[in-house]
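Common to both upcoming complexes is subunit A, partnered first by subunit B, then by subunit C.
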Partner chain A sequence: MEHVGPILAAAPVTLGVTAACLAVGALLGMVLLSGRRSRSWVVRTLSRMVIDVLRGIPPIVFLFIVFFGIGSGAIRLAPFEAALIGLGLISAAHLAEIYRGSLLAVNRGQFEASQALGLGRTTTYVRVIGPQAMRVAIPGMVTWAISLLKDSALVSTIGVAEIMSVANQDARASGSSLTPFIVAALIYIALGTPLAFLSRCLERRLGVTGGR
Partner chain B sequence: MPSSILNDWSGWLPRLLDGLLVSLQVTGLSLVLGFSLGMVFALLSSSRFRVVRRPSVLLVEVGRGMPALVMLQLVYFGLPSAGITLDTFPATVLALTLTTAAYTSEIIRAGLRAVPAGQLEAAGALGLSKADVTRFIVTPQGLRIALPTLMGFAILIFQISALAFSLGLPELLSQAYSIGAATFRYFDILLLAGLLYLAITIPASWLVGRLEKRLAMHL
Partner chain C sequence: MTAHTPDHPIPILRLEGVCKAFNGHVAVDDVFLEVEMGQVVAIIGSSGSGKSTLLRCINLLDVPDSGRITVDGQPTHVQGGVSTRELMRLRRKVGMVFQSFNLFPHLTVLRNISFPQERVLGRSRVAADARSMALLERVGLTAKADSHPPRCSGGQQQRVAIARALALDPKIMLFDEPTSALDPELGLEVLAVMRQLADHGMTMIVVTHEIHFAADVADRLVVMAEGRIIEQGDPTSVINEPQVDRTRTFLSAIRDR
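Moving on, here comes the complex of A and B:
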């Protein structure tokens, strides 16, 4: 029982890392998306390459490249900053693909109608297509948030004091190393389950009526 | 300057390729064992009997709910206090097998449920027993529906195998990290390791995409 307190106290750090990376990813994902839909093929190809690389590289390897590779040279990065850049960029790539999928789900007629009304490209996306696409994208975004919550355990390897790293210290300090990891696992499950439930509810509410 | 990096890279490459081999072995073994176990859990989780279904669903949810890193550390550092001590290689394979089983059982279950109801009705009309329907009608078709997602998951497990670094398994990332620690050239060596991972994952996901398109034509 004495293991629960300190590990639970680290839960806000895990949630903070997750939320911050999700926010970074949600914004940069839009940038990557507009790159992928750009009219210039150079920009399109480049964005596609960036997305493929970020999605193809194991998150921990990318995190190490950012923290040990870049962050220990001319630029000094704190563990939290490196985590934010590393997992934030990976989130951006995944979210860009989720956004792209949701744009494809919006009826073509909506684009044509906007054009017929003489709306500009920006207005079309912001006022007409965006809101409809968001409905489709939200369940996927929540699913990504759950993955990200679990992936945030990786940042323990670069020294962010979240759940996993506290569990690790606890395991090393106390004789029994089984309990801290079980406690950590249960906390992750307790944090992730409401999100999974939310995702299922949203999918039922938005999926059936939205899009098509 | 670029030529000196290439020189270093070619010097480091043999060790990294040894590591890549270990990564691939761990991934392959975990996938074979994990898919089989996942199939078992998929069938148990869709059982008619609540006593069978409930515990199976609970186990799957626990397996999917915890990060793979926690699973790895639990198996390698945790189990010894329960009297089970495993070497890094079997510990990694066990942890990744359990993670794979939990995730793939849900993928397979979704595939099984996507088999058209008409198939079940037709099989019933032909007088097939429940067991035969599962074995000859639902499983082959359901697995085919699940195949692209399963292959996508295989790529994910290959990425996850890098976490075995934290147990000291001499896979690709561990090799890169220890070269980095010896030379202080973290960026160069980690970049090369990243490229090696990409050399596997990018063609693999391209293949999965093609497979998905081909199978979708017949559904």
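Moving on, here comes the complex of A and C:
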């Protein structure tokens, strides 16, 4: 039982890393998406390359590049900052693809009606297409949030004192390897299950009212 | 019949040499068409004859490869692309109604009609809503103002779509098979609204298979095949004494259905 307290105390850090990376990813994902939908061929190609690269590198490798590679050179990055940049950018790439898929799910007629009415490109995306695409994107975004919650354990390797990092220290200090990690696993499950539940609820709700 | 004066016709729309191809397939082939103010023109033809593409070329949903489109005295040359400003200017004068309605499902019926007015014409919300309610009254749907489109029947959605287009005060209304996705009785309520619109002197171009509507309401019937206008004239004479074999075959196919 003495393991639970300190590990649980690190849960807010895990949640903080997850939420911050998700927020960064959600915003930068929009930027990458607009790049992919740009009218300029160069911008489209560059955006696609950035997305492919970010999705192609294992998260731990990218975190090491950011923290040990870039972060200890010209710029000094604190572990949390490096985590935010690393997992935030990876999230941006994944969320951009989720957004893009949800845009494809919006009926072509919605674009045509907007055009025929004389609405501008920005108005069309922000007021007509976006709200409809968001309904489609939300379940995928929640799924991404769940895997991000679990992947945030990776930032223990660059010294962020979240659940996994504290469990590891506890295991070394106490000499008991099983219990601290079981406790960590249970906390991850306890944090992730409500999200999974939320995702299923949203899917059901949006499935019913999201029809056209 | 409509309120135009045959002695002094004012051309509101002129298409000159409009061509459009998709991946080498010619959809619209060198079409000339002139429509006078207040005229109702019905376009018929088998599927693939280019009638929908021609309609979509008029408001540049499909930008023609060549030709000139003059709406309300303002010509748009399409050669080498069309600027966004030109697009917007042209689309402000042309309203369009689609086969699949294309209402915005996340907005109420009222917002569907008001929101474009606020954005495109800069009307205040109060002014836009007032205009929307007047139009909803005209299409008999004031009771549906606060409903969302998926909660309306197809016929109701199409009448809302007509109101939405009218709210922007277009000079010309384009209808792309407005009743094809509807049950016959729901189609009738849409046709009734269109008939009323024609009686009020709206210039209309209607791509349709509703031959009775074309005969009753249209001032001119245009028959298309393989991207060209093969025959046109007074609807009753074209229907009763078609001059071209293709027209005869097509009309008898419609009647036999």
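By definition in this document, the second predicted complex is superposed on the first by the 208 of 212 C-alpha atoms of A that agree within 3 Å, B and C clash if a C-alpha of one lies under 4 Å from a C-alpha of the other, contacts with A are read in each partner's own complex, and residues count from 1 in each chain.
Rule of thumb we're sticking to: a residue touches a chain if its C-beta (ideal position, glycine included) is under 8 Å from a C-beta of that chain, and two chains touch if they have at least 3 such contacts.
As the structure is a prediction and not an experimental result, all values here were calculated from the model.
Looking at the shared chain after the overlay, A:Q110 reaches subunit C, while subunit B stays out of its contact range.
When the two structures are aligned on the shared chain, A:Q132 is found in touch with subunit C, with no touch to subunit B.
Of the two partner chains placed by the overlay, only subunit B lies in contact with A:A184; subunit C stays clear of it.
Residue contacts after overlaying the shared chain place A:V61 against subunit B, while subunit C stays out of touching range. Of the two partner chains placed around the shared chain by superposition, subunit C is the only one that A:L119 touches, whereas subunit B remains out of contact.
In the superposition on chain A, contact is made by A:L154 with subunit B only, not with subunit C. Partner contacting the larger number of subunit A residues, of subunit B and subunit C: B.
Residues 59, 61, 88, 91-92, 94-96, 98, 100-106, 115-116, 119-120, 149-150, 161, 164-165, 168 of subunit C touch subunit A in their complex.
Every residue of subunit A that touches subunit C in the complex is listed here, in rising order: 107, 109-110, 112-113, 115-120, 123, 127-128, 131-132, 135, 211-212. For subunit A in complex with subunit B, the touching residues are 52-53, 55-62, 64-65, 68-70, 72-73, 150-151, 153-154, 156-157, 164, 167-168, 171, 175-178, 180-182, 184-185, 188-189, 192-193, 196.
On the side of subunit B, the complex with subunit A involves touching residues 61-62, 65-71, 73-74, 77-82, 158-163, 165-166, 173, 176-177, 180, 186-188, 190-191, 193-194, 197-198, 201-202, 205.
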